[in-house]
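The structures come next, written out as structure tokens.
Two complexes, one shared chain (chain A), two partners (chain B, chain C).
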Partner chain A sequence: MNRAIGSRHWAGATSFWLCLCLFLGSGLLAASVRAELVVIMHPDSALPSLSRQAIVNIFMGRHFRLPGGGAVVPVDNQCCREQFYRDLVDKTLPEINSYWARLVFSGRGSPPQKISTDAEMLDLVSQNPGVIGYVERSVVDARVTVVYALSP
Partner chain B sequence: MNHNNKGKIRRRVPQIRLTLRSAALILAVLVGLGLMFLGVGIVLLADNERDRQSDSIQGLISTVERTAEIAVFLQDGELAQEVVAGLEQNSSVQAVTLRDDQGQVIARSAPGNRGQAVSAGTVRRPIGSPFTPGQIIGSIELTPDRDQLERQVILRIRPAILFFLIFLAVTGATLLVVLYWQITRPIQTISRRLHRMDAASGERIDTPRSHENNEIGTLVGDVNRIIDRMAALVATERSLRLQRELEETRFRAIFDNAGSPIFLVNPNGVLKSFNLAFSRTLAADASAEAGGQQGLSLYSLLGDSGEAMRDLIGEAASSGRPQTAELEVDLPMGKRWYQMVVNPVSDDEVQGIANDITEHKVAQKDAEEQATTDSLTGIGNRLGFDRHLATVFESCRRRSDRHIALMMLDLDHFKELNDSHGHQAGDQALAKVAERLQHVLRGGDYLARLGGDEFAIILDGPLDDQALEVIADKIIASLNQPLQLPDGAQGHVGVSIGIAIHDRREEAANALIKRADTAMYAAKAAGRNTWRRAPEEAAAG
Partner chain C sequence: MILRTWSPGIHFRSTVFGLVVAALPCAPVVGAGGTPGGWLPEHVSVAAFGTLSLAYNDNRDVEFVRNLSQPDGARGGFSALPDTILGAQVSYRPSSRWELVLQAISKYDYREEATPTISWAYIGYAPGPHSSLRLGRIGVDSYLDSDTRNVGFTYLPARRPIEHYGLLELTWIEGADFTTNTEAAGGILTAKAYAGLAGEKIADRDQQRYSLKDSRVVGGYLQQQWGELRLRSGVSAIRLQREAGALEPLLAGLSGLGMPEADRLAADLALEGTWIRNWSTSLAWTQGPLQTELHYNRRQAESLGLADGYSVYALAGYRFGAITPFIGYVTADSKSSRRDHGLELPEPVEFLFRSALYEQRSWQLGARYDFANKAALTLQVDRVDAPVPEGALLRQSHPGWNGEATVISLTLDFVL
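Moving on, here comes the complex of A and B:
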């Protein structure tokens, strides 16, 4: 019930039904419409994978450390930022922007740095063990480790 | 309505007490009912208000939920504090607490408003993650302000109370006016009329307007009927009284104008009332006014006859029957005889009439005197002698110390004188003899001519033989003096006297007379012009 009240406040009934349709239809449309996004880290990060919750905590500015204890810095990828947040927390970019705006205003922190291309992302992650980012699965190479796969 | 006010009103206008009391009773019931309904209303309203407040609290939480979620998600104290501060602005919120999923407080409202204790009615809602549906990351606790709730209830109920008070005031005023006009005023009107009215004049009370057909009209009708009955009674009473007064006046006139004195006394002889005739005669001395001077004593007015009157009235009072007596009264106008008729009329009242019988008495006395007097000599005749002797005998029988003696006289040689000088001379001689005898005798003695030349003397008093002899000698000597006759000649008569003393009580008058006669004849036989005493009473008399 509480959840329902929350949803109503956030997006309203319409967006709820829209989300439900998207979720049901995702299996059919996955290959053709959207590429699969994966969360990547430096191979030395010593973690084979991260939980979805941990990724949310890092990207939404809640945690600054990995569950294992190492410091971590999230980086946004301009190429697929919208899809990333939709797949991760089911939010639109304006919602994410407004969230960060609130935090910036209260001096709590700032949104992740933004990288323009997949190649830059791959370079950045492969060169900095503390950085976490995301790219399409198709561009992933051996310099990085996939710690989580976001099903579209 | 407090008591003091009521008392004041009652003292000042007691006439509307009925109205006030009725109105107060009805108002008391209304106030009771009103308080009951208000109580129920307050309870219902408080319930309603609590629900409303609860809803509003939920709404409040919903409003800040997103920010709260973020604050809890980020464990951000500052942001959380901002949420709390925002909520605190709302007047119906007393306390707010934000906690994470471990129960640790992230932010709470400043302690001081009403303490921080979680009171009943505190709303607690879990806070979910803003990014992960279904994940609970903390909670928000919100305590509604009960004082504010009460204030709200009072605020909401106030118009109802105000309305009720207005209703009470209007109802009370209406009651007072209606009760006053419908009940108290008609009753006051009737009461005033009753106070002023003269029932005897047959006045009636008007029914107060528009009350003809209700209870007040009936009451007025009943009162009027009673008044009518009373008026009739009073009229009858009045006419009876007038009649009685008239009769009394008549009787009074009869009483006042009666020729005979009429009086009313108590048994002690104190006059209570008397008429004009009484005041002119019996009370003339006391110069009393007709109509009754109080304290005048009848007995003292009657003088010597007072005692006899006292006896008469005493007799009448004790026997209860009328009594009569003839009394002689010495009045300024002379001695008068009254026949007193007294009649007891009540226990302490005796009514009396005094009939003046003086004329009658005088006539009677005259006749008596004439009957017992010898017309020739002016002394007693035979009848007078007999009566006097009877009276004296009666007296002797009652009083043992009374003594009498009887002398019988017979003139000697009177027949010759009568024959030689004529009857007229004889008569004159007899008159002269009587005069001389009278002269010799004392006041208490009685002289009578029994007939012809025969005289008798009843001597009163204790007389011894010697005294009697002296008297007899004096008589003989006196009569032996020559008598001057009308024809110029001188006549001579003698007298033979028989004396008898009445010294035995049982002796009859006739026997005494006979003894005296016998002695007189003995004197004649002894040569006349002498006296003889009857012997000491012979047994045969």
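Moving on, here comes the complex of A and C:
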């Protein structure tokens, strides 16, 4: 009888740890398969790369100039906006919207314009030297240049 | 238990205004820049914000208010009056340099109603990407982020505390401001200057209204941003243009004594033509899920009818998933401006000196739940303590009130 109970406990504990490992493993797997995002500009921008802080300043509406002095216009990509701000500043979309509401309702700025897909972003950036955007690395082609890669 | 809702005094227009704001999400297109084919003309954008709130004050001996423009609020029960706010903004930007902005806001104030008022109406010009000039009715940010104190979605607590933000309800001026920023010291340096005339009214402790209309306002600040750290220091000053109605009989009585000392005292007590200066320094730091703020403000008043004072406000929150618990502490204190004028002061004057004093501190404990990308619920408990009940920043306290109150607030904040 006691052995049967002990056996059931053992089986229950094993199941629990198995489920926990599967749960954590699936989370890690999900994190590991998140796409890598890259920040892109027109090849004529002549910038080998940008610093993370420069990208934060541009996309958070603080400073719209490149290190070389040229003006730049940030554009958000709807398809990966949530991941972009998570990776860039570890903020959720409600926090980003709250941040922009503070600027909009104090007259200090407007959030970046938004486009819907990676393909539209590539078209937009490749045709406008002053625009900066972001896409998944897997879709990048020769029409744009990568100025920063975000770790997922 | 008393369930207080919007008072019957609320004007019909506020209802219409609320309906307009509530209808915005149903509109086919709401977007910056006016989407071609949408209902907005090109270059026109509409935005709105709001807070729907219930505050419960457990104390029947005092009215809990959000700021000094409110004559009453929550007492011994629930009230939607202190924190319920609706606002809408329409912008027209024909180019990257020019903009026309109109903003209206509906909130309970000194009129004992919530009729919408125009809080902004300005034309803006940006000579370059890092500077802007605005002319018209513009928001005033005497303290860090005080120009968005009515937009609850932009901060963690249910409200910005009265002890720091609510002492002077100066939210707009009619004038001009100029803002510029540049890269400096490894970060971004922002400078702003403003000047104009005030136009708002406040409800004082004696339930009388005091008008700031035509009072001159000047101010400015410097802000340095290093990454997610903001450090801001500035000053704002207002030259009161009018005498307080409650003071006039006293001043006339003193002047009528025919004594030089009494004349001098009357001149020292008068508000008209005197300056109030607010020096403020703030630090705000955010790092991923962490948000912190520390504020200090010092008030200096030329009139002896107003006390000098200071306030300190600290706030910290940390996000877990969609929920951000936070804790805040604020204290405001003042010192008597009473001086020896060579007179034995009559009781009304002594009372004036005493009533000008304020001292109050509060703990804020709560949590914000971001249940949608542009909406959040906040549950908050405020523990208010006024060591000298007569110096509380709350309203209409009954004799015998012990200076304490516990307020529980539930707010729904949103932006559109």
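As a working rule, the second predicted complex is superposed on the first by the 120 of 152 C-alpha atoms of A that agree within 3 Å, B and C clash if a C-alpha of one lies under 4 Å from a C-alpha of the other, contacts with A are read in each partner's own complex, and residues count from 1 in each chain.
As a working rule, contacts are C-beta pairs under 8 Å (C-beta built on N, C-alpha and C of every residue); 3 or more make two chains touch, one makes a residue touch a chain.
Note that the coordinates shown come from a computational prediction; the quantities given were computed from them, not determined experimentally.
After overlaying the two complexes on the shared chain, residue contacts for A:Q53 are found with chain B and with chain C alike.
Of the two partner chains placed by the overlay, chain B and chain C both lie in contact with A:V89. When both complexes are overlaid on chain A, the residue A:S151 reaches neither chain B nor chain C. By the touch criterion stated above, A:S138 is placed in contact with neither chain B nor chain C.
When both complexes are overlaid on chain A, the residue A:R102 reaches chain B and chain C alike.
Shared-chain residue A:G61: touches chain B; no touch with chain C. Contact with chain C, but none with chain B, is seen for A:A71 once the two complexes are overlaid on the shared chain. Residues 53, 56, 62, 89-91, 99, 102, 106-108 of chain A are contacted both by chain B in one complex and by chain C in the other.
The touching residues of chain A, when paired with chain B in their complex, are 2-3, 5-7, 9-10, 52-53, 56, 60-62, 88-91, 99, 102-103, 106-108.
Chain contact summary for the complex, chain B toward chain A: residues 62, 65-67, 69-70, 73-76, 78-79, 82, 125-126, 128-135.
Those residues of chain C lying in contact with chain A across their complex are 32-33, 45, 47, 49, 87, 89, 101, 103, 120, 122, 124, 129-130, 134, 138-139, 141, 145, 147-148, 151, 153-155, 179, 181, 183, 188, 225, 227-228, 287-289, 319, 322, 370, 372-374, 376, 415. Every residue of chain A that touches chain C in the complex is listed here, in rising order: 53, 56-57, 62-65, 71, 89-95, 97-99, 101-102, 104-108, 110-111, 113.
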